[in-house]
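Next come the structures, one after another.
Next come two complexes built around subunit A: one with subunit B, the other with subunit C.
And then the complex of A and B:
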C-alpha cells in the first residue's frame, strides 16, 4: 500500500511540473521541417529567424560531434543546453534527423519526452503516404497526437 | 568517408555476384517466398492456418501507404484515386468472401435479404478483417436505397493525414471496395463510397455509404409481398 502511494505521488508531481515550451524538428541537411510552441516562455521569432536558428544549431552540432575531449574517435555531439531560463534537449536519430525540445530549466526526464516525440514522428509522419521525406511536416494526425501528449503535462 | 563507389569497387562486387559460392546458391534456392525450408508451397498449407494469426499494424501501414502512393502516380484527381483504391479493395473482397464462406463450412449461409447481408458485413466480415464489429449500421432516411455503415477509427486511416488540398479524399475507399465486392458476391450490386464524418470523440470517423442498384430493391419488394 505504501509503495503504491509513493509511486502515484511521484507520477503526480512529474505531471504537474512538466512544462515544454517548444518542439523543433530538423532534417538531415539542417533545414527546419517542424516548429511548434506549446507554452508561453520563449521569444517569438520570424519564420526566417527560425530557419537561421535551425541552420546554426546544425552547424554547432556538427562541430561538437567532431571535437571531443576524450579519446573516443566520434562523439554524439551536443545533447543538452542549459541556461538560466530554459533547457534544450537534442536527440539525433540514426538517420540524422534532429529533435529539439525546449523546456523549463531543471526539467527532468526530457529524454523520455524526446523519445516519445520521435515515436509519434515515426508513426504519424513516416507512415503517412502524403508526406514527402525531408520536407516540412504538415500532418494533422501528428499535430493532434503531439498536442494530447504534451499539453496535459503543463 | 568517400561515398562515390570507385570503378574498381563496382567491378569487384559485380564479379562476386556473378560467381556465388555453391553454398550461397543453395541457400537462396531453398528460402524464397513461395517455398519454405520444408519444401511445401503456400498452396500445401491448410487454409485455416492463418485464421487467427495477427499481422503487424506497422507493416500493414507501410504496405498500404505504398499502395496509396502507387495509385497516386497514375491518376488525375481525388475521385480517380478513390476509384483506384476501391478497385484494389474489390479484388481483396472477392477473394476474402470466398475464404470466409469456406471457413464457415456447413454453417455458411447465403444471405438473401438486404438487412441480412448488411449485418453479415458489419459483424462477420468486419470481425474477420479487423477483429471488431463496425460501429453503426443505419438506413438513410431520405433515400430508400441507401444504407450507412460507420467505423470510428478505420485501421487503414490510422496513420494517414490527408493534405488540405485533397480534403475530399478518404483512403477508406479501399474498405469500401471490399464491401462492394462482398455485396456483389451475394448478388446485391451496389456502389459503396467512403466519406469522412468526424465528431468530437473520433476525428477519423468514416461512413461507408452503400447505394443499392434498383433491381435489388425490386427483388426485396417481391420478397415482402410473398
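And then the complex of A and C:
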C-alpha cells in the first residue's frame, strides 16, 4: 500500500496501466539514432533490421503526407498507426526528428508520453555538449530518466 | 463521418477498383454517375486518366502511393509483431486510412476523415456482402480482374454507394 502510494504520487512516472513496448528516435535523414525496448511485446530484431525499419518508415511518412484526399495542399505525415497487437505514435519535431512510441493497443494518452520523451531528449541529449547532432544517442542521463519515466510494467 | 475514397487491390498488387466521393468544394464531376453496362468497362479508366487538378494527385497516382504505403506498413507490422499480426489503420492530421486484407490477399482500403472509428468490420462486410455476392458470384466476371474488369458492375457500385451512406 505504501509502495503503491509512493508510485502514484510521483508526477513524472506513467500511470500503472500504461505499457510502452519501445521507443525509437529517427534523425531527419531517416537514420535510427536511438532504440530501446522497455516491455516485451514486440519481436526482437537485429540492429540491422531496426535500421531498415527506420528507413522504411521515414519513406512511408513522407508518402503519407503526399496522399491528401482533402483540399489541404500539405498534410502532416502519419501520426498514429494501429495494428492488432500494438499502437504506434509518431511525433515529428519542426526540425524533422521523429519520435516513435510503441505501446499496447487502445492507449489514449500517448501524446503526453511522446511530448515528455521529447522534453527529456531536449534536456539530456541536446543540452549535452559532447553530443554530435544527427549521431546515435549514447547518453546515460537520457537512458536513466527515460527508464524512470517509462517504468517496466510489473 | 466523411468517406473520401475507396480502393481494392488484388493479389498481383494491381488496383482493380477506385471510387472517389468528392467533397463539395472540389466537385468537378457528378458525385454518383449513372453506370450502364456499356460505360461500366470504362469507369476505372475515365477516373484514372483524370488529370491532376490544382497540384493534387490524380486518382491513379494516388492509388500507387496508397499501395506503396500499405505494402510497407503491412510488412513493417509483420516484422515487428510476427506474421499473424495485421495492420488496421493509420491516421495523419488530415485523414485516416483503413485497411483490410482477406486470406486471398485481396486488399480493401478506405480513406475517411480522422474522427472515424475503426472500419475493419465495415470493410469485411463490403467483402462478404458486396464483393463476393456481386463480383465473385457473377458468372460473367473473369477470375482475374486485370484493369478492373468485372469489378465495377452496376450492382456492386450501387451497393458500395448505399453502404457508404449507411456508415456515414
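We adopt the following convention: the second predicted complex is superposed on the first by the 137 of 154 C-alpha atoms of A that agree within 3 Å, B and C clash if a C-alpha of one lies under 4 Å from a C-alpha of the other, contacts with A are read in each partner's own complex, and residues count from 1 in each chain.
Definition applied: a residue touches a chain if its C-beta (ideal position, glycine included) is under 8 Å from a C-beta of that chain, and two chains touch if they have at least 3 such contacts.
As the structure is a prediction and not an experimental result, all values here were calculated from the model.
Engineer: Would subunit B and subunit C fit next to each other on subunit A once aligned, or clash?
Structural biologist: fit
Engineer: Of the partners subunit B and subunit C, which touch A:63 in the superposed model: first, second, both, neither?
Structural biologist: Second partner only, subunit C.
Engineer: Looking at subunit A, does subunit C or subunit B touch more of its residues?
Structural biologist: After superposing on chain A, more of subunit A is contacted by C.
Engineer: If you stack the two complexes on chain A, which partner ends up touching A:46: first (subunit B), second (subunit C), both, or neither?
Structural biologist: In the superposition, A:46 touches no partner, neither subunit B nor subunit C.
Engineer: Would you check which partner chain A:78 touches, where first means subunit B only, second means subunit C only, and both and neither mean what they say?
Structural biologist: Second partner only.
Engineer: Taking the superposition on A as described, I'd like to know which of subunit B and subunit C A:95 touches: first, second, both or neither.
Structural biologist: A:95 sits against neither subunit B nor subunit C.
Engineer: Check whether A:132 is in contact with subunit B, with subunit C, with both or with neither, and answer first, second, both or neither.
Structural biologist: Neither partner.
Engineer: Where does A:86 make contact in the superposed view: on subunit B (first), on subunit C (second), on both, or on neither?
Structural biologist: After superposing on A, A:86 lies in contact with subunit C but is clear of subunit B.
Engineer: In whole Å, what is the nearest CA distance you get between subunit B and subunit C after the fit?
Structural biologist: The answer is 15 Å, the least C-alpha separation in the overlay.
Engineer: What part of subunit A is shared between its subunit B contacts and its subunit C contacts?
Structural biologist: none
Engineer: Which residues of subunit A touch subunit C in the complex?
Structural biologist: Subunit A reaches subunit C through residues 42-43, 45, 49, 53, 56-57, 59-60, 63-73, 75-86, 102.
Engineer: With touch defined as at the start, can you tell me which subunit C residues reach subunit A in the complex?
Structural biologist: That would be residues 4-5, 23, 25-26, 55-57, 62, 65-66, 68-69, 72-73, 75-77, 79-82, 84-95, 97, 111, 113, 118 of subunit C.
Engineer: Help me check something: in the complex, which residues belonging to subunit B touch subunit A?
Structural biologist: Of all residues in subunit B, those touching subunit A are 58, 61-62, 64-66, 68-69, 72, 159-164, 166, 171, 203.
Engineer: What residues on subunit A touch subunit B, complex-wise?
Structural biologist: It comes out as residues 123-124, 127-131, 138-142, 144.
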